[in-house]
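Okay, got some structures for you below.
In the two assemblies presented below, subunit A is common to both, partnered first by subunit B and then by subunit C.
And now, the complex of A and B:
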């Protein structure tokens, strides 16, 4: 715990020093990044110790805030979320130091690094907090710090708009969270998480209310489907290393919070599991479909975050169904898969955002259809992106596969064992996961193909060059982590039991029994993948030997033998996705403007597709407008004259005194 | 006994303020009230006189009895205002409201749990009465000067309560001193900017904009 406090102090002190000493022409980025890296190492040690079987440590300090207590605790569940947070924060900080300034305006980086340090600090505090007030404090600090990071390029109006949407969404979430904590405090008579966990809330009416409040309040941060509106706005607006941090770990604090609340609520009824399967299916399938329709690389990745949160929700749904039906294997595999996917998503989504940032920095292009051919110009970035893309699609032997495999296995086990309606819902999970995986493959084929393959579609893509080592390094480390976690899958699964005991309270034997069924198939998949990879490597070597004595000509990709190929003859992002999108247009909606080629020698033809998200924050606009109009009618209550303001205060005071003492 | 006398004087001065339309007289009444209240810390404590009580009394009397009236009188002289015009609530109605407030204050304080060490049982109701009269004056009058006077009376109420109820150098008295400083700044602002008529014109934005 001392080490963790040291890490927190480092982050706070480093942030303030960088803020205080920064000037527009003096760059302290490396100092700030160094502070974050040191803090991550210092804080990472106790997290690893706890996961490896060390004692759970707690700390209680009195705090002058009413009902508040500076209570921290590091149990395996916290440590599981702490570890990716610290890892990705450190890597993104190094990348950010290499990234330098973003946007056209010259600006001092001091405030950016200050809020970066503050964001990391608040995320650490959120997973460690053991007091409701402290948790809310850290939660709000996280929201404010990330708001200022989203609006770094505030001279652009769309960035300001995105910032407002984000701020409003997070405030709505916090309102529900506040209600949740107040109700919990009313039920238990304490603001302490340890008391809540020890007492528990009996199943019934109140538990259901608390569940709904938690699902909305924490789901807004996590990005569950009808509440996801801020994600595709805020992620493209933020600087890339911040997007990586927000998408990779910050939205996971919502998942952490929900799992923590689940330890207070105990045995969930069946419908909670079904609710989560519903949320997971909607977020997963619709998230990936909208990702497919995007033309902006970072927005596409943001929709994939929603998809992956959907996968995590599916895992949690399976786990909750296991909990309510008393089936240990279902519980272990569902929650285990969800937890593992939290870790994996932070690795590959962090990697993908960093790679997207590198592309953005080198080309300055947001639009997919103005990129292309970057693999030759940016080989490291391209390779890293490819590994991340394969991992996010859940392809073996990469890390995304193992977590989805656990959820699959849990659902299939449940289909075989559970009766009737439960089995049907689990079958839906299997089908949904399969659909999501397939669509994700299509989407990343599009993204990787259009950005990195073919020939450049614009001058800026033609002149792009590889980024510096400070940006390549973190990407390669994350790519290596994706491969390692995948290849060492049985080992990764072996770290889960302590976290699962912490979460579900199941005896260790039951958890090992549940996971044992997964280790065998995983080992087989890993072995087969390694063998296939070795064969592939040998084939490539053989090919090189065969070609070494031949003359090899390089031509344009998709040249198709035309005499004068142009980049405009390539597949575009829109045309690649068109078949899938027209097939799902009933769900997605979207607009197309097609000027079809006409006559024997067609002169002009064009196709524009646009698929706006119907669940965009604008969805809430009519309702909000009506509320706004209703409130505007009450404006006469708010006086322009000072006298009336004072009168209101006096009357309120008088009424309160009479009510209290009368 | 002397404490009770002071408290009665405070009540009477408050009622006089409610019924008075002449600003000069009102300023002098508030000044007198300040001087009388300045004596309160010396009388309220049964312990032997402490240095801090004397210091507090001296500070209060200087500020409220000399500095503020001088500033305010200069302000009305320079702004050429002598009377309150068209108040929102008339003077006799104000007096009636004052009596009502006095009743409510005393009634409310019978319900209020009080510490045993309190100097006089009238202390809390009079303090409450001053606070409400101050608020009433701010709400019911148009002149900026009247509102400053209302604010001073309100502050006097807080001060009365703080000095009378708590026994040694209490935080609440220090807060009162802070409020004094704020009032001083307030008055300076008025003198400097020569607000001629209603407080409204500069302090509150026109309707429709800046309401939030």
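And now, the complex of A and C:
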């Protein structure tokens, strides 16, 4: 715990120093990044210890806030979320230092690094907090810090707009969270997580209310559909290393919070699991479909975060169904798969955002259809993106396959053994995961193919060059981690039992029994992966031998005899996605403006397509407008003069004093 | 690992190109032609392996690595598929998930290679390939999940276990409709995944062939040989899936092998007959065909619940 406090102090101190000493012409980025890296190493040690079987440590300090207590705890569940948070924070910080300034305006990076340190600090606090007030404090700190990071390029109006949407969404989520915590406190008479976990809320009326509040309040942060509206706005607006951090780990604090609440709520009824399967299917399938419709690389990745949150929700749904039907293997495999996917997603999504940022820095292009051929110009970035893309599609032998495999195993077990309705719901999980995987392949072949393959579609893509080693390094480390978790899958799964005991309260024997069904298959999967790599190596050698005796020529791409292909003749991102999008347009909607070629010598023709998200925050606009109009009528209460404001405050204080001492 | 388990992958690797020969002969026979030799695919492969290669100046290392990656994935997949009630070398619960994942990896590589050429023609094929396979994958999973439920192997069994229990324990009169539905769904997946009529026309390289052959237009020499051989393997493996779940086991191994080989031949003939008697569907109808197959598999599952 001392080490964790040291890490927190480092982050706070480092942030303040960088803020205080920053000047526009002086760059303290490397100092700030160094502080984050050191803090991550210092904080990572206890997390690894706890996961490896060390004792769970807690800390209680009195705190002047009413009902508050500075109570921290590091149990395996916290450690599981803490580790990727620290890893990705450190790597993104190194990358950010290499990235330098973003945007056109010359600006001091001091505030950016201050809020970066604050964001990391608050995420660490969120997973460590053992008191509701402290949790809410950290939660709000996280929201505010990330808001200022989203709006770094505040001179652009769309960035300010994205910032507002994000801030509003996160505050609405917090409101539900507040209600949740107040209800829990009323039921148990305490604000302490340990008390809540020890007493527990019995199944029944209140538990259902608490479940719904938690699903909405925490689901807003996680990005469950239809509460995801802020995500595709905020992620593209933020600097890329911040997007990586927000998408890779910050939205997972919603998942963490929900799992923590589950430990208070005891055995869930069946409909909770079904609700999560519903959320997972909607978020997963619609998330990937909208991702496919995007023209902006970072927005595409943001929608993919929703898809992956959907996969995590599917795993949690399987786990909850196992919980309510009393099937330990289902529970272990479902929750285990979800937890592993949390880790995996932080690795590959962090990697993909970093690579997208590198592309953005080198080309300045947001539009996919103005990129192309970057693999030759940015070989390291391109290769790293390729590995991340294959991993996020859930393809063997990478890590995404492993976590989805666990969820599949759990769902299939239920499909084989469970009675009627439960089996059907789990069959939906199996088919849904398959569909999501297939669509993800469509989406990432599009993203990688259009950005990195073929020929450049614009001058800026033609002149792009590889980024510096400080940016390549973190990407390669994450890519290596994707491969390693895939190839060392049984080891990764071996760290899960302590987390699962922590989460489910099942006896260790039951958890090992449940995981035993997965260890054998995973070993076989790893064997197959090694065989795959060996075969690939042999084929390479054979191909080289075959070609060494033959003529290898270079020509142009076959164009039915046409020998002067231009970049404009390539298939574009829009055309690649068109068949799928028009087939699903009943669900997706989408606008198209077509000026068709006309006459024998058509001069101008154009086609604009756009697939706006019908669940965009604008969906809530009518309701919000009405609330706003209603509140405007009470505006006379709000004085324009500062003096009156101060009078209000003084009166309120006076009233409180009278109430307290009177 | 028993030596016997080497038979399924060996059979797949040796006999897969023969399926093309059988299909072609069937089509020729129905059209009243003589047709090319049964072993023509082997000759073609041999010829391609000993040719040079031409690469487009547009392409990167992805284009060169993709055929090898795809073939490596499919060769690994052949280590998972049992044949003639002999288990494959890699047999473990829910091994079919890895099988599907490897097919996905092969597709991923092929599609990227197509996009690497910068040709709109190949991009078009790639776009269709990912669309249709995204729909075919859930159908395959639905069908296999139904089989897992029917086999009642106490959890997600391996393919070999599922086949074994299905063909021996299932009461044909009672469960016949379920299996018939699953078989028809799987046959649709087989045709779609292998780019055969009515989903795609493998006849030529150009206008008629809208998906698979379009994607591999720019490959030549050994690369093309890898791709053609991989296509044959994929056809063999998916056909082995259908045959495995239908053919009941007999005592002697050699008889099982013979029966399974005959079953593969019959499947190939069926593909040839389908190709001779109907035309390719309009592309817009293909998704409906696949969704229909998914509905069949789901209906089979519900029937099995009752």
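Please note the rule applied: the second predicted complex is superposed on the first by the 601 of 662 C-alpha atoms of A that agree within 3 Å, B and C clash if a C-alpha of one lies under 4 Å from a C-alpha of the other, contacts with A are read in each partner's own complex, and residues count from 1 in each chain.
Methods note: a residue touches a chain if its C-beta (ideal position, glycine included) is under 8 Å from a C-beta of that chain, and two chains touch if they have at least 3 such contacts.
Because the structure is predicted, anything quoted here is derived from the model rather than measured.
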Partner chain in contact with A:235 - subunit B first, subunit C second, else both or neither: neither
Partner, of subunit C and subunit B, that touches more residues belonging to subunit A: C
Partner chain in contact with A:661 - subunit B first, subunit C second, else both or neither: first
Contacts of A:649 with subunit B and subunit C, given as first, second, both or neither: first
Contacting residues of subunit A [partner subunit B, same complex]: 635, 638, 640-644, 646-647, 649-650, 653-654, 657-658, 661-662
Complex contacts: residues of subunit C adjacent to subunit A: 49-62, 68-69, 71-73, 75-76, 79-80, 90-95, 97-98, 100-102, 104-105, 107-108, 111-112, 115-124, 126-128, 130-131, 133-138, 140-142, 145, 148-149, 151-157, 206, 217-218, 221-223, 226, 283, 287, 294, 298, 301-302, 305
Touch list for subunit B against partner subunit A, complex: 88, 104, 108, 111-112, 132, 135-136, 138-142, 147, 199-200, 203-207, 211
In the complex with subunit C, residue positions of subunit A that touch it: 329, 372-373, 375-376, 386, 390, 393-396, 401, 405, 408-409, 412-413, 415-417, 420, 423-424, 427, 430-435, 437-439, 441-442, 445-446, 448-450, 453-455, 517, 520-521, 524-525, 527-528, 531-533, 535-536, 539-540, 542-543, 546-547, 550-560, 565, 567, 569-571, 575-580, 583
